[in-house]
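Heads up, the next two complexes both have subunit A, just with different partners, subunit B and then subunit C.
This part shows the complex of A and B:
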């Protein structure tokens, strides 16, 4: 059986000769052989590639945290579980080299089930908080207003000299255990905001839920809208629409006033 | 034609073969030049800062723009850069109207504002087209960006180009207007612009980053009371696309989203542009100036075009046999059997493909034809309101309507809810698709009862007539309907939604009636598929035997 002539051996751009052996298959695109489209490497390729690599590492850390802390995909918010989850998150986050933009990308990747199969708001919030606390930048802006899920525990243990601004709403336990940082929520925050915070500032542009400032030991909470209910506050100040409500006339926690 | 204009045209003629080859021979006509620097005052005010215009597939270079740029860059290079940009739009992004719509819809999810979403989509499309061109071709685009007049947004975009292309485009990071916008550039630079499958996700990220800047620019413009800078590379409005491309884009978009509200919102956002282009719904193919666009009707029209039902013809009495008489253009969804392959150059493509229009000859005899169809659709309270969310009942009826119309038959619609109490709408036999769809989309939302007296005039005197009914069978006078169907010999296709005692009663009554086929749909989502498939079986007895 006659072997087919490899395409590379045919003359560039030349039509098949009339005396060519019958049955010979001719590449119909032969004329285009002379055209070689060149591709120029751009810095964009490098940026996108490294961004993907960092995202893979961040994702891996989160999956490890879930493996260790939420094996049954159930996670109860308790003092001990939060502390333990944070310690694990710290362990993985410390090793990573990332930027503030990577944290935002991770928040959106959490909603993409193809990339991350499980979004559990508690551990996700703890992990994002750890990422923020160990980020190189002093100021971190997370534009999360299009996020469909409200993530809990954002701003956990935000240290001094760190500023975290969140465009969008946050879930429960926002800014708990704040350690002197400044947390600015551009939307609403839910219940238990600022619980156990020791110092620093929480500014919520819109409304805030119940148990606000529960067991807070210091710092200030500013709310642009309404506070649904205050918690048992030990020390610190809470303002509603620029008016000091704690210490003040709000004697009873969790009452609508 | 002025001398300068002629010079520019000759430059285009010189560089065009090279550019076409570079972009792998796109089917684009030779670009033209319009206007020069010495054009009369005010002649080109509206497009003063625009270098390139694209309408349908015709690119037009502004001579005035080229003249203004010639001190900074040789004319040939300006023209080449503009054409490279334009060609990249046709060959890479947005490529087609559907992609454009998809990008706009994603941008709107972030901006929540029609004008901002259009701006975001325009910038995004430009960044992709230019970056693609810089990566894949030898181009003068970077040089053009170096010399273009820029506003704040354009400076940020040029700074982005500088970062992602690795070229000096004359933007210094210390430039005052860029102060405070470094983070935007940093964010924008992380987007995988050339990764087509990720464009939907990427434009959202792009919109999130650039939105504050666009709002700021808008505020400044409003404060100044004047109009802002125009895009020198041309705006991306619907003028780019032909009516066929818009039809195809809407069809694809309806199929992809399957969401009435999203489609409606998008059509309403583009209603002015569509109106300006003379895009209406009259004429059966969804075009031509006519009534204002009813987005709901258009949605079902475009969605139904994605499905086609083969219709087995019946022997009908005619005066004489049909013979090919003249040609007419083939439209998407039309049957293939009448295509004239010789005059269609062997291609199935709207605009190229032609079909034979047949005429009756002299004499009498029987010939195969499609009977007219009476469609009865239930729009009672237990059915989905087709103007609120996707109604598979309306979609099923719409697909059946298309099948008959495409086979040159006429369709009548009996839309009923509590018919004896006036909850009904009747449309006599017509081939006007828009009218039919309007009646199909009507929703009464009351009780369910047919008034058989209404049907009699529609059936009487018609020997060959198909009957198509789509309902949930929760009809209060079901027994009367059963009695009525028991008497007629026409082909009846009955589709009911879900299992219920009424449907079981209906099925039992017609177990042995060969001219009545009943289709149960357990999940509403199955309607378009099952109805279409079963209809095919029904009209193709051979397939039933094989299955």
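This part shows the complex of A and C:
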């Protein structure tokens, strides 16, 4: 009986080996297996990334402040609570590298991002004030007119040679404890504005609430609209529509004149 | 890349033809080098065993350019090449194209075939192929595709062959080239008017054909071709004669043609050149656009695009037919040849972009609205090549915009294919859908 000849022999007589094991399907993308995408970050991507990194740090400081000072999500505005909150805020803010734009972004992030769990106007204001006071820039502009919440305590302890301009309305305790800086509010301010301020200027373009300048020890408050009521002022000047109202006829606190 | 001087030898053949035989203007540029597409692609066709369709106006050197290339790449005298050409006319027969019965033997009651020179020699030129009626065109399909020539019950197989076919623009005497035959051509190129000044010189100079002729050698060739020895023996004898003629050319003209072992060595070198990632990704992108249809699964000449299709901006919306599997093969073959000639170690995107218009022009069927939109556009190229070049520009633009993401998608595809637990990347191009289809088909039992 003749021996069967092997099928598919090469010229040299040895069976030609198949390219692949039987049943194995060739990977049509094989040549790209080792491709590592060389990333060419776009300038805008880089900006967004660095801004997000800074914002994460700022947000982290705020969360720590809330953890330490507003455990029950309640924060009572008292002299010592404000001082304590500010000291904590200072501790975190000092370590950060940020710009004035980042402060404005943080103000909007307070309202618009899911990443910040609570907007408590008091601690938020103290924290923003600390950010303003430790910012590298001398002049800071915060465009807050689109914010739904009026933030309290903005401009707290604003030091000398710092100018803070706020486009929009502010809440209670605006510019309290001012330490020589200049605070411009391009809208309305609520009660206790300029309370305990020691020097500097507060300019409110529109109206201002009750207890304005309570226990203020120096400096000037200018109001473009109406002052609803003055506080017990120790020292300093208050102007209403360019007219000096303290020292002057308004001798009594919260006098509707 | 081997440093054996073959590239320089090939370029010297190009230069010799360009300077002395086929007056032309360069019409393509790659990597700073300017070439005439007709000579360059014919040279690559000869070296790569390709199939080229040369179109052009009558008398503009379609056939002669192919003859010169064949003579210098394969060492055949022009007289032999002329004697082996098939001319396209309605009365052409199988007996004149392939072979005829040996009448002497037939009288003795024996069956034998006398093969034509066309079927026997490795260089095959079909002149005015579109004058052949469509039924006669299919006669040469098998031979063109596989190198098999059959007559009666006999067959000869060409191991090495290349095909050049010329075609005039449509006139009263032409037929359309049948679609399966057109698709078998790797490239289509135009033999162009060289300009009034060069044309004037052609008229002024005496004929140059004699440079590549040698009556004595031609007789030897005919003697071998007519002889009754086996085809294998004939081929080796022909090769010997070719080498003698090659030596003559080297002595007389200072030009060194390629011997058979040179051509084999060159082909081996070319085969080793692979596409780099960009060339591969670009080619895939192009093929996806030329074959994709979201609604019907693939392009089909009998199906029309839907109104409001998401992929309206891509080539698939502008064409009727689907790219054949011969297209990527032609692309790779000629891009390999070009990369080899330019002494590049890999086929890069520039090689592919240079070849695509010529590999695509005859294969695409554009929609009528595209033809009427672009018919009157200012251009230097014949309309099909112009349209193909425009499509390359469009795809190149898209590739520039998303090449990193596209390569990422292919890389992720590879990892998924190998079992990686990843999601295919999304993107706005048919190729992303094609990648997903390949991955989905693998998932199914």
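Basically, the second predicted complex is superposed on the first by the 216 of 257 C-alpha atoms of A that agree within 3 Å, B and C clash if a C-alpha of one lies under 4 Å from a C-alpha of the other, contacts with A are read in each partner's own complex, and residues count from 1 in each chain.
Basically, contacts are C-beta pairs under 8 Å (C-beta built on N, C-alpha and C of every residue); 3 or more make two chains touch, one makes a residue touch a chain.
None of the values given here were measured: they were computed from a predicted structure.
In the superposition on chain A, contact is made by A:28 with subunit C only, not with subunit B. In the superposition on chain A, contact of A:101 is made with subunit B only, not with subunit C.
Once the two complexes are overlaid on the shared chain, A:44 sits against subunit B while remaining clear of subunit C. Among subunit B and subunit C, the chain that touches a larger number of residues in subunit A is B. Within the superposed three-chain model, A:143 lies in touch with subunit B and out of touch with subunit C [touch as defined at top].
Common to the subunit B and subunit C contact sets on subunit A are residues 35, 37-40. Residue ranges of subunit A in contact with subunit B, taken from their complex: 35, 37-40, 42-44, 47-48, 51, 101, 105, 108, 112, 141, 143, 145-146. Contact residues of subunit A toward subunit C in the complex are 25, 27-40. Of all residues in subunit C, those touching subunit A in their complex are 275, 277, 280-281, 404-405, 407-408, 410-411, 413-415, 417-418, 435, 438, 442.
Interface residues of subunit B facing subunit A in the complex, by the touch rule stated above, are 21, 24, 109-110, 131, 134-138, 163-166, 183, 186-187, 189-195, 201, 204-205, 208-209.
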